[in-house]
Structure formats: structure tokens, C-alpha cells
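Shared chain: subunit A. Partners: subunit B in the first complex, subunit C in the second.
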Partner chain A sequence: MDITIRRLQKTFGASPALHGVDLDIRSGELIGLLGPSGSGKTTLLRAIAGLERPSAGQIFFGGQNASMFSVQERRVGFVFQNYALFRHMNVAENISYGMRVRPRATRPSPQQIKQRVGELLDLVQLTGLEVRFPGQLSGGQRQRVALARALAVDPRVLLLDEPFGALDARVRKDLRVWLRDLHKRTGHTTIFVTHDQDEALEMSDRVAILNRGALEQIGAPDEIYNAPATPFIFQFIGDANRVPLNIANGQARLGAAKLGRVSIGLEGAAELFFRPEDAVIDEAAGLLSGEITALRRQGAKRRADVRLDQTGAMIEVDLPYGAIVYPSQRVGLRLERMGLFANGRRVSFLDEAHRVA
Partner chain B sequence: MRTVLLKPSPLPGFTPALGAALLWLGLLVLIPLAALVWRASGLGLSGILAIAGQPRVAAALKLSFGLSLLAAALNVVLGGVVAWVLTRYEFPGRRLLDAAVDLPFALPTAVAGIALTAVYAPNGWIGAPLDALGFKVAFTPLGIFIALVFIGLPFMVRSVEPVLSEVEPEIEEASATLGASRLRTIFQVVLPPLVPAFLTGFALALARAVGEYGSVVFISGNIPFVSEIAPLLIVVRLEEFDEAGATAVATIMLALSFAILLIINLVQAHVRRRTGHD
Partner chain C sequence: MIDLPLPETPLRIQRDRDALAEAPALRRTLIGFAVTVLTLFLFLPLATVFIEAFGKGVAGFLNALSDAEVQSSIKLTLIVATICVPINTAFGIAAAWAVARFEFTGKSALVTFIDLPFSVSPVIAGLCCVLLFGARGLLGPQLASYGVEVIFAIPGIVLATLFVTFPFVARELIPLMQQQGSDDEQAALTLGASGWRMFLTVTLPNVKWGLLYGVLLCNARAMGEFGAVAVVSGRIRGGTSTMPLQVEALYNDYNMVGAFAVASLLALLALITLIVKTFLEWRFTGELALRRRT
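Moving on to the complex of A and B:
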């Protein structure tokens, strides 16, 4: 089911939680809603489910205005962060609940319900646990029961709120792969909320990034990582160096070094962002240079802190395997990729060869 | 023996703790009750049953246990609603209302009885309009019922409240997203996990109501066969120097109360097992 969101607003008291979000989700997509806490991602998810009433704007389910339907009528599968399983019902009763509460006319027969519960338990790999109670299950198992319960209503859209938030790291990793695989098999349009960028980038077909109640960018994980649309995303996803610079007479300058030409009219302070892996130590580089102040190992990477000669800014640079460097060494720097932002917007260089060499 | 009874446990002090618990329980509960049963045993089982069969005694026992059960049952509804309001809504005066719930605990029961009598008497604030409608409250079983509801309410509220406050609001939302109506959500999702707490509150309110004396004697009018409760009958027998009769009535009350509480406990254990608590 296509989900279309138009100018969605939600205000709690005086503070806006969402202002004017537009989002188009295609049928069968797996969308990750990513953002820091307080960015409005859960509010957006709850609004789609009908658990929050938007202050303004519309949500369409395949062309139908969803605000015409109550929570009960929307047929969404919602998986809560704490699972919200019914403690007094066993696994089979939890999963079949959505089928059992249907009006008599559309309610499946007890045999059909039993069969469907069996299929769903197979799907979430919990066969044999029908008569266990939620209190007797591990966190990962509860999570899967919650998922099976949501799938049992044959939802138009599956909504997951921080689905792995309460699990430990090991189980999380396994479940990510598993859920991705499950999505492939069932094909439900799925939206999940997370504050974990690795989770969002690894699982999603497209990632939507929210910040302070606004959608900042939506795109494939590679697009988000390689071409962040805003300074916020540059710093929120992956590591990034931020170097203040100046634009004067259509020329972006880092201290005395000329980075490249930009449109006339953009004058004053701007910001240059680049990732540590996109800064390369290169003795032949003529434009940027600096002094290594410290060396560190971060997991698989080796990193150097460098003080830029041009502005005195401190930046981080990834070192290639086997690079021989030492503290207080003077180095030349080349930037493979970068993003220039003026007034929070991305600015492109006019000269195509905007690599700094 | 020790090794059979005692699983190894990191908690220290099992022996002194159990010893102290048994000592207090013995001194405060078991010995007085044993003395009661011992005194009554002089009458023999047939003698006790004969006294239970006396019309006045039977009427008092029926009144006491019948009204106590009814009052505890009404408190399930009233206490449930009060606990719901106190835990689910934030409103001005909530703390005040919360504190007021405990007043029936704190008030001397005689004061409560006199206050209730004054309000519900045929010339009282509530009694007068009710009297005009043809309802007599004070000096009837209805008056006793109101007193028993009054003193039982806090037991229900305080039993249910902590459990209710731990119920996650998300389960109601989950039920709604799965298509269940509000009413179905309340009866199938919200209330069932509260059953053990309601049973606890019911047992406490019932036990308190059966033994209640102070607040009832003022509002009941104490008319034999009509509004005379069993605890009062015991006092009446004592005043008549019929110690054996008093002991017999007390023993019967003890046996009945014990049986009812045991049944409630068994039901509760069953419910807990059924919901996978153990």
C-alpha cells in the first residue's frame, strides 16, 4: 500500500513536534525513519497508525484519506518498543487476538485462526511456543511474537517503533538481518523508527532523516551517506569534519587557500564538511597542509588528528593501512569529496573540478 | 532435616528470621485463636452447631457474611473506578482525593459510624431526601451495607492502584491497532491482569467487613433478626454472661472466615498459574 504524507503537522501544547512533513512511501518499501531523540520520528509513526491526531495535514493510504479511519479501521500492524504483549494471554492467544476481535461476519473460523497462528509462528521461528506466556520468553522472542501479532491482521502497513531498542547488541545484529529477510518474503510496506544510524543504513531501502520535526532528506542509504543534504545529516550520519570558511567575491577560501568558485551572491561565512576517509595525506598536495597532533586507533581504522595550517582548525584524517606517520609530522592534504554549505544549504562549486589538490 | 528444608541461599539469617516470624505469629495470632477454639471445644461440635442453628444466631451470621460479601463486591467496582481515576488522570485535587481514600483507615470506627448515622438518619442530609423517596437507610441492613462499603473501600483502592499504575498504556494502543473496540480492550486486555489484585482487595475488604463492629453498631439499630450483626451478638452474649455462646459464635465466624479466605487464595493461585506468573 502506498503511503502519502502531505504537510503533516503536530503540536503538543506550545511545542511543535512535526512541522509540515511531506513523505511518499511506495508499496512494499522498507523505510527507516532516523533522527535524534525529540526529532518527531515516533510522533510521525504514531500519526500514521492513527494513535496521534495530526494538528494539520493529511495521510493517504493508497489514495484514501486515512484521517477518515479510526485506529481500529486503519489495519496497521504496530510493534511497540516495549512489545506491549498481553501478559495474561499465551503466545497463540496474543497472535490470534487481532483475528478474534473482528466482527462475527469477517472473523475467521477457529480452525482458520489456528492454522494462521501456526503459519505465523513458523514465519517468526517460534513453532512450539504456542502455550508459553510472554513472561516466559526472552526479549528477542517477545519481539518476534509482537511482530507475528502485528502481521496477523494482514496489515496495510507495518510500523515498528525502535524495534530493537530493548535488545542487547548481539541479538540486535541477528534480528536486523532476519527482519530484512522477512520483509523480502512477506513484502509488507514497512516503516521503522530508529535512532541507530547503522541499523537504518543497513536495513532500509530508503532512509528518511528527521531533525526537529522536519524531514531533512530521504534517499537510499548510499545517497544519504555520500551526499548528505544538510550540515546536520553530514554530522549525524558517520563521522565528519567541519571547517568554517569564508566566501568572498564568488570564491570560497580556507584562510588563504582558494577552494573553488561558487555563485556570485553567496558572501560571508560558510561551512565545509568532509569525512575522515575522504581526506588523504598526500605530499604532492599543494593547497592544504597541516601538522599531525595525535594518532589513534578506532576499531578497524587508524586515525590522525591534524591541525590545518590554513585556519588552525582541528580535523580527523583516516590513515591507510601501513602508513608511516608520526606526531608533529607536517603533511599535505587532498580532499576526495566534500560538501560546502552556506546558510545551512548545500552549495555547489562552479568549476567542475572541485577536488582540492 | 535442615538440608531437606533448606535450599542453599545467599540470603543470611534464615533461621532467626523464620524463628521470629513463627514466634510473633504464634504469640499474636495462633495462641489467642487456639484458646478460642479450646474454649469452644467444651461444647463439642454438636453443641456449636446447635448454637449456629439458633434463629437469632443464624440470622446474625447470615446478615454479617451476606452483607460483607455484597459490600466487598460493590467495592470491586467502586474501588476499581477510584484506583483508575487516581492512576490514569492528572487533575487538580488528585493528591487530596488520594489522601482522602485512606481516611476510613485512620478514622476511629465509632466516629465513622456516628457520622454515617447522622448523614443517613431520616433527618440527615442524605437520609431525609432518601426517606422522602421511601428508602430507609439508617437502622436497616442497607445502613450496615453502606458502613461496610465505607470501611472496605481503601483496601480495594490500595490493592489495585499499584498494579494498575504498572499496566503500560501501550497495551491499550496495541489492542486498538489490532482492531479491538474500547470496551473489548477494557474487558480483554486491561482488566484480566488486574484480577489477582482485585481478589486481594476483595479478600481484605471482606475480612475487614466481617469483623467490623464500631462503625456498624451506630447505624444498624441492632434489632435482633433484622439488623444485628454477628460481632455485636458476641458482645451481647458476653454481657449476658453466656461465655460459651459467645465463644461458639466466634468459632463459627472464625471457621467461615477462614474457609472464605482460603477459597479466595486458591482462586488467586489458580489465576496466577493460568497467566504464567509462576
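Moving on to the complex of A and C:
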């Protein structure tokens, strides 16, 4: 089911949690809502479920205005962060709850319910655990029961609030792959909330990034990573170096070094962002140079801290395998990719010379 | 590696007990003191009640209980409890629901008011009842003109008991429901359950042990209340005398067996309540953990 969100606002008392969010979700998509805590991502998810009443704006479920429907009528599958399993019901009773509470006219027969529970248990790989109680299950198993319970109502959209938040790192990684695979098989339109960028980038068809109640960018993971739309995203996703610089007469300058031409009219302070892996130590590079101040190992990567000669800014640079460098060494730098931002907006270079070499 | 010289003699272990435990002598004194106090002020009186009740044998005990006035007091007490406990259970659930699930102005005031009966002397509660519904009270004459008697009648006793037992269920449920949060209930709603259905299948089962506990306490108090009932009932023997009032009346008549026979019934109720309560606490520690009256 397509989900369309228009100018959605939500205010709690005096503080706005969402202001004017527009979002189009296509049927069958797996969307990750990513943002720091307090960015409004959970509020948005709850508004879609009907658990939160928006202060303004609309949500459409395939063309129908969802505000006409109560929570019960929306038929969403909501998986809570702590799963919210009914502790006095066993696994089978939990999963069948949504079928059993239907009005008599549309309620499946006990045999149908039993069969459907069996199918769902099979789907989430928990066959044989029908009569266990939630207290007797591991975190990962509870999560899958919660998922099966949400799928049992044949939801128009599946909503997951921090689906892996309460699990340990190992289980988390396994479940990510598993959930991605489950989505491929069932094809439910799915929206999940997370504050973990790796999770969002790895699982989502598209990632929507929220910051302070507003949608900053939505796009495929590669698009988000390679072309962040705002300085916030550049720093929030992956690692980024931020170097303040100046634009004068349509020329972006880092100290004395000319970076490239931009449209006339953008004058004054601006910010240059680039990732540590996009800065390459290259003795032939003439424009940027610096001095290595420290070397570090971060998991698979080796990093150097470099003080730029041009502005004195400290930046981080990834080193290729086997690179022989030492502290206080002087190096030339080449930037493979970068983003220039003025007034919080991305600015494009007019010439190709910006591939700083 | 550097070889550190070992101390000549191993560090002498100073004490053969936990660093935080008391000295054995002190411990024994404290325990002894507690046991003595408990024996003197709890076990002995309780034992006395049963010994006195059976002072003239089982026949005397049964005879005392078969007295018409006593029978009437037992009946009245049961009627009062049967009315008060369900009403206060319903109120307690509603109040706990409101306090735990919603934010509204006056919420803290409501919580304070729920506690009021704990802080007000029951006699004052009874007096308020008389002032409101008595022959010269605010509402009394009006009601009397419709033929409704409140004071010196069952309605007055019920009102006074309701007031005194007001907080028990609510106080038990509020912290429990606040701690549990509303995720389970919201999950039930997203799965299509109606509000009522959600209440019956999720909310109630989640608080059932706390609720039962509150109802038990409420019932014990409803049957045992003396002060407030004494003021409003007029203590008409065989008419508006509840069990606790009957105990006092019989005692004043020097009818020891009768007084203690009725008293033993009340004490038995208290014991059963305690046993069930202990069982619930033992069995459902987690679910009952978060409550404690001030």
C-alpha cells in the first residue's frame, strides 16, 4: 500500500516534535527512518499507526485519508521497541490475538487460526514454540514473535520501532539480514525507525533522515552516503571532515588555495565537507598540503590526523594498506569527492577544477 | 616480572563474618527484642481472642454465634462489604487507569484526594457523614422528606465504609499500571481490539494480582471498620450493628465468650487475608513489587 504524508505536524505542549513532514512511500518499499534521538522519527511512526494524533497535515493510505480510520481500522502491524508481547498468553495466543479479536462475522475459524499461526511460526522460524510464554524466550525470539503477531493481521503497512534496539550486537546483525530477507518474501510495505546508521543503510530500499522534526533527505543508501544533502547528514552518516572556508568573487578558497568557481552571489563563509576515505595522500598534489600529527588504527582502517597548511584546520585521512607514513611527516593531499555548503545548502562547482589535485 | 616479597605472616583475617554484618551479640539482642515485642503485642492478643472465644467450649462458641443479634451483625457486615468492595474496586480501576494513562490538570490533586481517607481519622469521616445526611444536616432533611434514611441506617454505614476503604484498590494499581506502561494496550489496539476488549484481555490480566491484593485489603478493612461506622450507625443492636460494633457491645455486657467469638471471626478473616496476601507476594513478587503506602 502506498503511503503519502503531507505537511504532517505534531506538537507536544509547546515543543514541536514534527513540523511539516512530506513523505511518499511506495507499495512494498522498505524504508528506514533514521535520525538522532528527539528527531521525531518515533512520533512519525506512531502517527502513521494512528497511535498519535497529528496536530496538522494528512496521512494517506493508498489514496484514502487515514485520519478517517481509528487505530483498529488502519490495520497496521506495529512492532514495539520492547515488543509488548502479552505476557499471560503463550506464543500461539499472542500471534493469533489479532485474528481472535475480530468481529464474529469476519473472524477466521479456530482451524484457520491454528493453520495461520503455524504458517507464521514457520515464517519466523519458531515452529515448536507455540506453548512457550514470552518470559521463556530469548530477546531475538521475542522479537520474531512480535513480528509474527503483527503480520497475522495482514497489515497494510508494517511499522517497526527500533526493531533491534534491545538486542545484543551479534543477534542484531543476524536479524538484519533475516528481516531484509523476510521483507523480500512477504513484500509488505515496511517502515522501521532506527538511530543506527549502519542498520538503516544496510537494510533500507530508501533511507529517510529526520532532524529536529523535519525531513532532511530521502534517498537510496548510496545516494545518502555519496551525496548528503545537508551538512547535518554529511556528519551524521559516516565520518566527515568539516573545514570552514571563504567564498569571494565566485571563487571558493581554502586559505590561499583556490578550490573552484561557484555561482556569483554566494559570498562569505562556507563549509567544505569530505570523508576521510576521499582524502588521498599524494606527493604530486600541489594545492593542499599538511603535516601528520598522529596515526591511529580504527578496526580495518588506519587513520592519520593532518593539520592543513592552508587554514590550520585538523582533518582525518584514511591511509591505504601498507602506506609508510610517520608523525610530523609533511604530505600533499588530493580530494576525490567533497561537498561545499553555504548557508546550510549544497553548492555546486561550476568548473571541473574542483577535483583538487 | 618483579618478584614482590610476600608478607612474613599472611594478613590475619580479623573477622569471621561479613564486613557489613552486625556483631553476633548485637544481632541476637535485636532479634530477641523483635520477637519479644511481636509475642507481647501480636501473638498473645491473637491467641487470647481464640482462647477466650472457646472459653466455654465449642458449644459455647457456636451458641454465642447463633445469637440473633450476632447473626444480624454478621449479615449486616457481609451486606456492607458486598456493596462497598465492588464499588471501590470499580472506582480504583477507573482512577488508576486515569492517573496512569492520561495527563490532565488536577492529576496530582486527584492522587492526593485518593489518599485522603488514609490521613483523616475515620471518626471525622463518620462525623462528616452525619453533618451531611443527619436530621439537621445539609442534605438530611431533604432526603428524609423523600423517605430516605441515611444516618442510623444501612446507607449511612455503606457511605462511611466506602469513604474509609476508598484508596485501597487505587493505591495498589496506580504504581503498577504506571510501571507497566501502555505499550501492551497499544499493541492490542493496533491488532484491532476494541477498547473494552483490550481492557478485558490485556489490561486486567496484567494487573490481576495487584488488583486481587487491593481487593483483599479493601475487604478486610470494610469488614473491620469501627470508628466511622460507630458514628453513623447509631449502634442499634440487631439493626445497625456491624461485627466490630457487636464485639464492643457484647464486651460491655461482660459477655466475654460472645464478644470473643465474634472477634475470632474477624481475626480469622484477618488471618486468611494475611495468608493469601503472603502467598500472592511470594508467588508474584515482581508484579507486586512496586507498591507501598506512605
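Everything that follows uses one rule, which is that the second predicted complex is superposed on the first by the 356 of 357 C-alpha atoms of A that agree within 3 Å, B and C clash if a C-alpha of one lies under 4 Å from a C-alpha of the other, contacts with A are read in each partner's own complex, and residues count from 1 in each chain.
Basically, contacts are C-beta pairs under 8 Å (C-beta built on N, C-alpha and C of every residue); 3 or more make two chains touch, one makes a residue touch a chain.
Note that the structure is a prediction, hence the values are computed from the model and not measured.
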Subunit C versus subunit B on the shared subunit A, clash or fit after superposition: clash
Subunit A residues touched by each partner, larger count belonging to subunit B or subunit C: B
Subunit B versus subunit C as contact partner of A:75, first or second or both or neither: both
Partner chain in contact with A:132 - subunit B first, subunit C second, else both or neither: first
Subunit B versus subunit C as contact partner of A:90, first or second or both or neither: first
Touching both subunit B and subunit C, residues of subunit A: 49-51, 71-72, 74-78, 80, 82, 84-88, 97-98, 101-102, 149-150, 152-153
Residue ranges of subunit C in contact with subunit A within the complex: 183-184, 186-194, 197, 201-202, 205-206
Touching residues (chain side subunit A, partner subunit C) in the complex: 49-51, 71-72, 74-78, 80, 82, 84-88, 97-98, 101-102, 149-150, 152-153
Residues of subunit B touching subunit A in the complex: 168, 170-171, 173-181, 184, 188-189, 192-193, 274-277
Partner subunit B, residues of subunit A touching it in the complex: 49-51, 71-78, 80, 82, 84-88, 90, 97-98, 101-102, 132-136, 149-150, 152-153
